[in-house]
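Both complexes below contain chain A, partnered by chain B and then by chain C.
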Partner chain A sequence: MLDLLAQTGLNAVYAASYISLVAVGLVLIFGVMGVINFAHGELFMAGAYVVVAVYADMHMPFFLAVVVGLLFVGCLGLLMERALFRPLRDNPLGGLVASIGFLMILQALASMGFGVRMEFIPPVTQHVVWFTDTISIPLARVYVIVAAVLLLSTLWYFLKRTRFGWALRASAQDPQAAELQGISIAQTAKIAMFIGAGLAGIAGTLTAPLVSVNPHMGHSVIVTAFIVIIVGGVGSLEGAIIASVVYAFVHTFVTTFYGGVIADITGLSLMLLVLIVKPTGLFGSADRA
Partner chain B sequence: MISKLMAAGLTRRTFLKSTAITAVGAALPGASLAAGEPIKIGFLAPLTGAVAAWGKPGLDGCMIWAERVNAAGGIELSDGKHPVEFVSYDNEYDPAKARTGATKLIREDGVSFIMMLGGDTWPGVQPVADKTGMLFSTLLPSDLSPESTTLLAPAEVHPIYVVTGVDYLADTYPDAKTAVICAQDDALGLPSVATYLAAFEARGIEVLEEPLLFDPATTDFAPIVTRMLSSNPDIICLDTCYSDYVHPICEQLFQQGYAGKMISATADFYDQMIAKTSKEFMEGFIFQFPDFDDPALAGDNINFEDANGFYEAYSERHPGEWGAVSWEYASIMDLWKAAAEKAGSADPDAVIAAMKEGGTGKHAFGDAVWWGTELFGIDNALVGDWPVVVIEDGKAVIKGFKSIPDWYDQHGDLLIKHMQAYDQMYDQRG
Partner chain C sequence: MLKYLIWPIAAVALIALPHGLSFSQQEILVFLTINILVVSSYRLLTLTGEWSLAHVVIMGVGAYASAMMTKNLGIYVPISMLLGGITAALIAVILSFPLFRMKGFYFLIGSFAAGEIIRLLWKHFRDPFGGAKGIKGIDPMPDFSIGIYNFDFFEPVSYFYFAGFIVIICLWILWRIERSPVGLTFHAVHWQDKLAEASGVNLRAYRTLAFAIASGFAGIGGALLAHYIGTINPGSFDLDYMVFVLTWAIVGGTGTFYGPILGCVVLTILNEVVLREMGFEQLRPLIYGAILIASILFLPNGLESIVQKFTKRRAKP
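Moving on to the complex of A and B:
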């Protein structure tokens, strides 16, 4: 039984890692730009397809594909900011609708470029780290965990310790006051979009060899990310990380001990419970919610 | 506009008569083919999305079938030969889109017959079938019911054929006595779960716990595999999971150190599964869908014309894309063509009558009977032998053909018991 608990715990740590990368990016974009980016799951998908193109098709090194994915999806974020969200800055509903349109465009482009079938990605490594005879974790999953810890720690440092980070947080808290202090809202929006999209992209690149890559793979990711940011508090980065861990552990343990369908119901019930008890989420503030 | 036509000599009565004839012609597809005019066949299946692997390869196979038939002169009806043409509609495995597609194929394209994957999409289409009397086919006989009189399951008897794989497993590995099953919780997964439970019970294989059902949106299968392995089974059964699930589940089984037997309805793109695990790990994997280059498909018992040549043409045109359904829709067309030629008409009623005449039919894997009254409330499934396929040295090999009706004669009560437990009998489905 202890072995089963430990193995499930390892599975949950992996799930928490990639969920938090996606959710933090989504929260960052919402916090700075005030837009709910429905295309965030498709940014995750775009990252996965970069791995298909660069690693699987062009046979370049996997970690080069990860870097290319980060930059490519980050640039997609910049494109979204410039073409969609900036013209609709005073119209959050318009931004939301535009992101849904962009979602469909990305799905269609993936279908046209790569076909509709699940893509084959050769394993990056088949090495498995064995702790005991029954407890193990594949090295490819360790990469995701390490990347999540490093990237989120770096993001925390960037936001808390650098001038750009302070500008981002100021823009998120009160855009008008930040602008009066000489902070360029357009500049901070670009940075937020690049980082937010890039985090989704890197999550997609790192998990691509572990999941089924297809044009619709972003759907389940965005649903999970929405649950997480509602539980954590819309606009709260700390909340997104903690809610990712809570959700991943609850979902993984319930899947293992009671089944996947009950796990989905439990995850949604968790969200409803938080909405009833604390409508702003665990770490959210009333003005953002 | 109408007054201009009247002025040009068209009487009101002629106008109304011609309009009525046109309307009836549109509503009764197949009844108004002109000599030499192409016979249009509707292909209403998922061409995009998670289930596309069971639609798109079938359409590709149909295109090769059409080229072969047209090169041989087409389909001969009472008024002469007609070329055949496929009209596809992507239903994205969505019932509402399937209904729209069926309506469009009938009203706008004037098809004579519509092939579907079925499953979750059939309930959306059934009202259209009832209203128009159009002949439909499904790959999933679990769609059949006494009300669906124009729906046939002439190729695949999903999920009943899986009993042949379990029989082979029990015969070959008599020491494998325990199993666990996982499946997606949908119209494909549940009847398959019930059938595997019946097949395991029939051979004295204990299923260690309730089948693990997961949401079709699942992407991370590590928790499910961890749970399956926790009971230390001799056999892992992957039910009728889509290839998007079979691949990551197998990869997880490999990574979490599983070394027992594996059985599944399908193993599409199994070469990729081997690449993600190892040849040794996949050795002995049992499933139900052969590669058509298998020498066993060149035998006299096989009714699929030049199966090996078909596979060669398919692989040349779509390298690495051969899957479970690549041949199935084409084999349905073989049956439809034979029946239409026998009836001398593409009219749905005439084709059904010709197809079911004598209660027997020529299924791709051998002569078969129209069957299913007990299980589906209607004998619209063509059932006979089905192959058991095993991966040996990295290649799918047919290990033999086993009779489904023979199994049912012995164990039908078990199948009905488990189908009822999962609300999958025709009188239980919503």
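Moving on to the complex of A and C:
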């Protein structure tokens, strides 16, 4: 029993690490741009397809595929910022519809380029890390955990310690005041979109060998990310990370013991419960709604 | 003169419309008719300023309720549709207690969660909801004859007449509600909530009322759908469908009564008829997505702004 709990706990840590990568990107985009990026799950999907193209089809090293994925999806984010969100800055519902349109385009491109069937990706490594005789974790999952911790702490340092980070947080808090201080809103928007999209892309590349890659894989990712950022409080990066961990643990444990559908219901009920008790999420403030 | 002729001409055109179409287009016409009711009821909710992502699931509540009542209790079909609508409204009232603690983006996602919970409950409980396979063999509308025309409800044309009749009545009721003092209060709740509250308007009660009415009509729409296709499952009312309803409303524009209907008709015809006939089967979602982006970039106030431009010019001289 204790072994099962420890094993499930390890799986939960893995789930938490890639969910928090996606959720933090979504929060960053919402904080700076003020739009709900519905296409965020499809950015994750795009990252996974970069691995299909570069690693599985062209037989390049996996590490290269991850870097290409980060850059490619980051550039998709820049494209979205320039073509969609900048012209629609004063129109939050417009940003929503535009990102839905972008989502459909990305899905259609993926199914036209690669087909709608599940892609086979050769495993990056067959190694399994054994803690005891019964508790183990595949090395590929350890990569995801390590990458998530490294990336999120780098982002943390960037946001709290560098001038760019200050500018980014300032324009998330109050765009007009930030602009009066000489901060270029367009500049920070670009940086935020690149980082936000890139995080989703890198999560997609790292998990691609571990999950089933298909054009509709973004759907469950975006649903999870929405739950997480709501529980954490929209616009709060710390909240998003903590909520990712909580959600991943609850979801993984309930899935292990009661099955997937009950786990989904539990996750959603947990979120509704948090909203009923504190309608702005655990770490949210009222004015960011 | 034109004023009095326009309604009979519209009625004749609607009656003649399905006879000029192919069978598959007639089926699309039935779905379009039902979707017009769904998107119009959705607009009533958006009048109070809240955007819900549970609307399609609530429509499914009406469908499931009506299907189960006819199957398990043997209730006569048109009555079960009405009861389905009432069930949907009651569920909406229950959901309003947690949901209307939230506003804006939180309400959007909160309503999504509430809807998704209902959908997953259908999926999980095989008894009585039929699990992932849903409910099959739902009783169709009983056939009847009015002398000059025999209604056989397996025919899309007959069902179009029936659904069209119901939908027009519902639209008329929705229109009357919007023009009534209650409807004007909905506007006030959206645009001047502080002032309305200071004038003694119970904001929460009016939001709940709008949610319940909108859900009731969505439920009737769902029941109309269930008794036409004969089988429903949790996948019939998923987020993809909700996204379509949302985009119809936003692309059409929610400033006027006809805006969402216009959006629904134009986008459905573009997606189902024009792109399908042109043979773009694989490219269809791509072009649809591009159309969404283009319409929101170049027509930020929706398709209704085109109509308003023309009607205003005509009014000037």
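Things worth noting here:
One rule holds for everything that comes next: the second predicted complex is superposed on the first by the 289 of 289 C-alpha atoms of A that agree within 3 Å, B and C clash if a C-alpha of one lies under 4 Å from a C-alpha of the other, contacts with A are read in each partner's own complex, and residues count from 1 in each chain.
One rule holds for everything that comes next: a residue touches a chain if its C-beta (ideal position, glycine included) is under 8 Å from a C-beta of that chain, and two chains touch if they have at least 3 such contacts.
None of the values given here were measured: they were computed from a predicted structure.
Legend: residue contacts after superposition of the two complexes on their common chain; A:P61 is shown touching neither chain B nor chain C. Once chain A of one complex is fitted onto chain A of the other, the partner contacts of A:T280 are limited to chain C, with no touch recorded for chain B. Look at A:F102: by the touch rule set out above, it reaches chain C but stays clear of chain B.
When the two structures are aligned on the shared chain, A:V234 is found in touch with chain C, with no touch to chain B.
When the two complexes are overlaid on their common chain A, residue A:F226 makes contact with chain C while staying clear of chain B. In the superposed pair of complexes, A:G113 makes contact with neither chain B nor chain C.
When the two complexes are overlaid on their common chain A, residue A:T256 makes contact with chain B while staying clear of chain C. In the superposition on chain A, contact of A:V211 is made with chain B only, not with chain C.
Note: residues 111, 219, 223, 261, 264 of chain A belong to the chain B contact set and to the chain C contact set alike, using the contact criterion stated above. Of all residues in chain C, only 51, 98, 101-106, 108-110, 112-114, 116-117, 120-121, 123-124, 239, 243, 246-247, 250-251, 282-286, 288-293, 296-297, 300 touch chain A in the complex they form.
For chain B in complex with chain A, the touching residues are 47-50, 52-53, 56, 185, 210, 212-215, 217-220, 222-224, 226-227, 229-230, 243-245, 247-248, 251, 255-257, 269, 272, 275-276, 278, 321. The residues of chain A lying in touch with chain B in their complex are 4, 7-8, 11-12, 14-15, 111, 116-118, 120, 122-123, 126, 128, 133-134, 136, 138, 141, 210-212, 214-217, 219-221, 223, 252-253, 255-257, 259-261, 263-264.
By the touch criterion given at the top, residues 36, 83-84, 87-88, 91, 93-94, 96-98, 100-105, 107-109, 111-112, 219, 223, 226-227, 230, 234, 261-262, 264-265, 268-269, 271-272, 275-276, 279-281, 289 of chain A touch chain C in their complex.
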